[in-house]
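In the two assemblies presented below, subunit A is common to both, partnered first by subunit B and then by subunit C.
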Partner chain A sequence: MDYVVYLEPSDKIVMARVELKYLTADVAHQIFAEILQAARGTQALAIDLATVDFIDSTAIGELVFLGKKLRNGGIACTIAGLKPHLMGLVRMMRLETIMHFSEDADAGIKGLVNKLKIEMPNS
Partner chain B sequence: MNSDDKTLMLEIDSRLDCVALVGISIRALCLEYGADEMTAYQVQTSTVEAVNNAIIHAYSNQLGHPVWIRWSLADKRLTIQVSDEGMTMRQLPPDIEPEPDAEGGRGWWIMRQWMDSAEYMTDSGRNTLILSKSFSNKH
Partner chain C sequence: MLQAVDTMQILIVDDDVAIRRILAAMLQKWDFDVIQANDGEEAWQLLQHQPVSFILSDWMMPQLNGIELCRRLRAAGLPYYIYFILLTGKDQSDDLIMALEAGADDFLTKPVNAKELRVRIKAGERVLHLEKALLAKNQALQQANRELAASQQRIQRDLQAAASIQQHLLPGSPQTGLPVGLAWAFLPAEELAGDIFNFYPLDERHLGFYLIDVSGHGVPAAMLSVHLARILSPESRPDSLVRLPKNPLHTKQHTASMGFFNLGRQKRTGPAIRMESFRSPVEVVTRLNGNFQADDRNMMYFTMIYGIIDTRSGQGSLCQAGHPYPLLCRSDGSIESLGEGGFPVGLVAEADYEAVDFQLRPGDRLLLYSDGVTECVSPENLPFGTDRLGQSLCDARQSSLQDAMEQIKNALVAWSPRSSGKISFSDDVSLLAIELSAES
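Take a look at the complex of A and B:
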């Protein structure tokens, strides 16, 4: 499955835009490892999953693993743009109790900026 | 078999990059034969989890082994059988909700939540997971 991860780094926030429809066991580990690597040394990470139509449980496990790594590294994170049916899966798994989810990338970035009291990227 | 009954057999190689195609096909079939969007999504997800399990656990992620998926619909009752010839599960995972911070163990729980039943059996070296769901069920 082809995918693209667009990374928009700044010294404070990394924006990772994942472009693919099926976030599944064959690609999830590689994608989240790439994102984790890009987030090292920053304060916050926003992951935009707006193009994703489908997530399997292996990808959810990888997302949970990423979340733990970020928490341990003191990096704030938000997952942005999940479609309603995928948010239903997130709620069923109670992932909202351990990770932050935003309606879209803009809301996610704003939330991180407010939380960390830092400047908006590119401002 | 009633003339209105529908059956489709799919066979893929034990490669994780083939699994999304199975999910897409199963979802399309469900929608074509009367499932609503949410039901089709739940069946798609459950099927993907079953096929992932066959590849990751039964075949230990090794390529070159067959996974069979049989989709059938009779009287609005959908049955999906996912079969492999890999290692047999000696014990089914417990039917408990995974903790939110668990990194694994969600596949069977999803299948049990979203399908009416999920049964596993082995016969002559072939393992089969049978998922069933009524299209008339409220989700």
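Take a look at the complex of A and C:
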């Protein structure tokens, strides 16, 4: 399955845009490993999943584990742009109580900037 | 069989004895092993019991000429290759075309030049070398294929046996001895499923039930689901999560202080329900979550519903752990969705779970289902969805519970795409329905 991860790193925040429709077991581990690697040494990470239509159970597990690793590494994280039916899945699993979700990438970045009291990237 | 290349055998076919002798002398001088035939027919008979991989044949001969011999050899489909050089006095391009079309590999005009013959035989040897190497590789590939096919058959047999064991862990009969109707449907996506469900009487009035969907597919998911079915079985065993161990310390006061099964939130007016022998849904799920935590190497967790219904009062309680919201179709056709979500089991070590209490009345139907039902997509990529499932449940409420499950199953089959004429589900499909009998 083809996917693209666009990384926009700054010294404080990494913005990762994942472009694919089906986030499944085949690719989730690799994608999140790439993102985790890019986020090391920064303060915050925003993952834009706006193009994703479907997330399978294994990919959800991978996402939760990524969140745990980021928390343990002291890196704030937000998942941005999930479609409404996927947010329904998140709520059904109560994941919004252990991870942060934003309506879109801009809101996610702003939220992280406010939370960490850091400068906007590229500002 | 093919001769070793350094002592290659060459068959000379010519009705002219003098030419045969000249050719034989040349070939023997070059260390080839020579055999001779007087014409095509004699060569053909000789080849029946003496395989030769190189032939030098005259064109014009009595009985069977060189062209016909070549055609017959190629048509015979021999298991080894014969390099065929046609010798002739003909030198027109039409003759060359006819010889090559008959299957000859090379063409030499008489009188034969020794040096030319030598290099042409060398070229033929190279072709036979390659053919021999290819044959050896093909044989090795065929052997590997046979071993793979045998291995595949063994795996397939093992998978079928495992699937049969898994099927036996599903409910066998809707009869529980309790005043409750039960029906289900199960359509695994592969031989082995990650879904599993069951129900059982916990005592003379309480029904326990669950539906589990293990993340992922295949053997690992199936093995975990089988293990879960075992520890969720109602038999009194030390590893049973459903039953409380027989311990005098487990008095009613003790279990209450542990937050055990407590149906409803309002003050109870009827007789107290005896629950000393089994654990509440919340405790069962909490204990499961304590026992199973996914890690990096093993990204396995599961969503589930575990519930208990008092079949006399219709009071029920369930715990929803990341699993789709159960649907309750009331006898008047209205649909309710139960629960407000909960953590899947195995993802969050410190997860707190909540009880979802509900009241079943005779004619009401409770439906548990896996996400393979609602996420079943049509060829146009539209999900079946919760609304359509609820509507299907409601539309079938005049039918028997079993017929209602069949109708929903048929609706899913009609909804799903077909691959090579077969119905194809990308995830396991499980449905479990419970209905309180009118006489309860």
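In this section, the second predicted complex is superposed on the first by the 123 of 123 C-alpha atoms of A that agree within 3 Å, B and C clash if a C-alpha of one lies under 4 Å from a C-alpha of the other, contacts with A are read in each partner's own complex, and residues count from 1 in each chain.
Rule of thumb we're sticking to: contacts are C-beta pairs under 8 Å (C-beta built on N, C-alpha and C of every residue); 3 or more make two chains touch, one makes a residue touch a chain.
Quick caveat, the model's predicted, so the values are computed rather than measured.
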Notebook entry, point to check: Is the arrangement of subunit B and subunit C around the shared subunit A a clash or a fit after superposition?
Noted result: clash
Check: In the superposed arrangement, does A:V5 touch subunit B (first), subunit C (second), both or neither?
Finding: neither
Margin query: Quick check for you: in the superposed arrangement, does A:A107 touch first (subunit B), second (subunit C), both or neither?
Written below: neither
Next item on the list: Please indicate which partner A:Y22 is in contact with in the superposed arrangement: first for subunit B, second for subunit C, both, or neither.
Entry: first
Item checked: Comparing the two partners subunit B and subunit C, which touches a greater set of residues in subunit A -> B
Item checked: Contacts of A:L36 with subunit B and subunit C, given as first, second, both or neither -> neither
Check: Where does A:R91 make contact in the superposed view: on subunit B (first), on subunit C (second), on both, or on neither?
Finding: second
Notebook entry, point to check: Does the superposition put A:A50 against subunit B (first), subunit C (second), both, or neither?
Noted result: neither
Next item on the list: Kindly classify A:I118 by the partners it touches after superposition: subunit B alone (first), subunit C alone (second), both, or neither?
Entry: neither
Notebook entry, point to check: Given 24-32, 60-68, 132-140 or 420-428, which one is the stretch of subunit C whose C-alpha atoms run into subunit B?
Noted result: 420-428
Note to self: Considering only the contact definition stated at the top, list the common interface residues of subunit A for subunit B and subunit C.
What the structure shows: 25, 54, 57-58, 60-62, 64-65, 85, 92-94, 98
Next item on the list: Mind listing the subunit C positions that touch subunit A in their complex?
Entry: 213, 215-216, 294, 296, 299-301, 303, 322-325, 341-344, 347-348, 351, 371, 375, 383
Item checked: Touching residues on subunit A, where the partner in the complex is subunit B -> 1, 22, 24-27, 54, 56-58, 60-62, 64-65, 67-68, 85, 89, 92-95, 97-98
Next item on the list: Using the touch rule from the top, collect the residues of subunit A that touch subunit C in their complex.
Entry: 25, 29, 54, 57-58, 60-62, 64-65, 85, 91-94, 98
Check: Across the complex, what residues on subunit B touch subunit A?
Finding: 15-17, 19-20, 23, 37-38, 41, 44-45, 48-49, 52, 56, 98, 100-104, 106-107, 110, 113
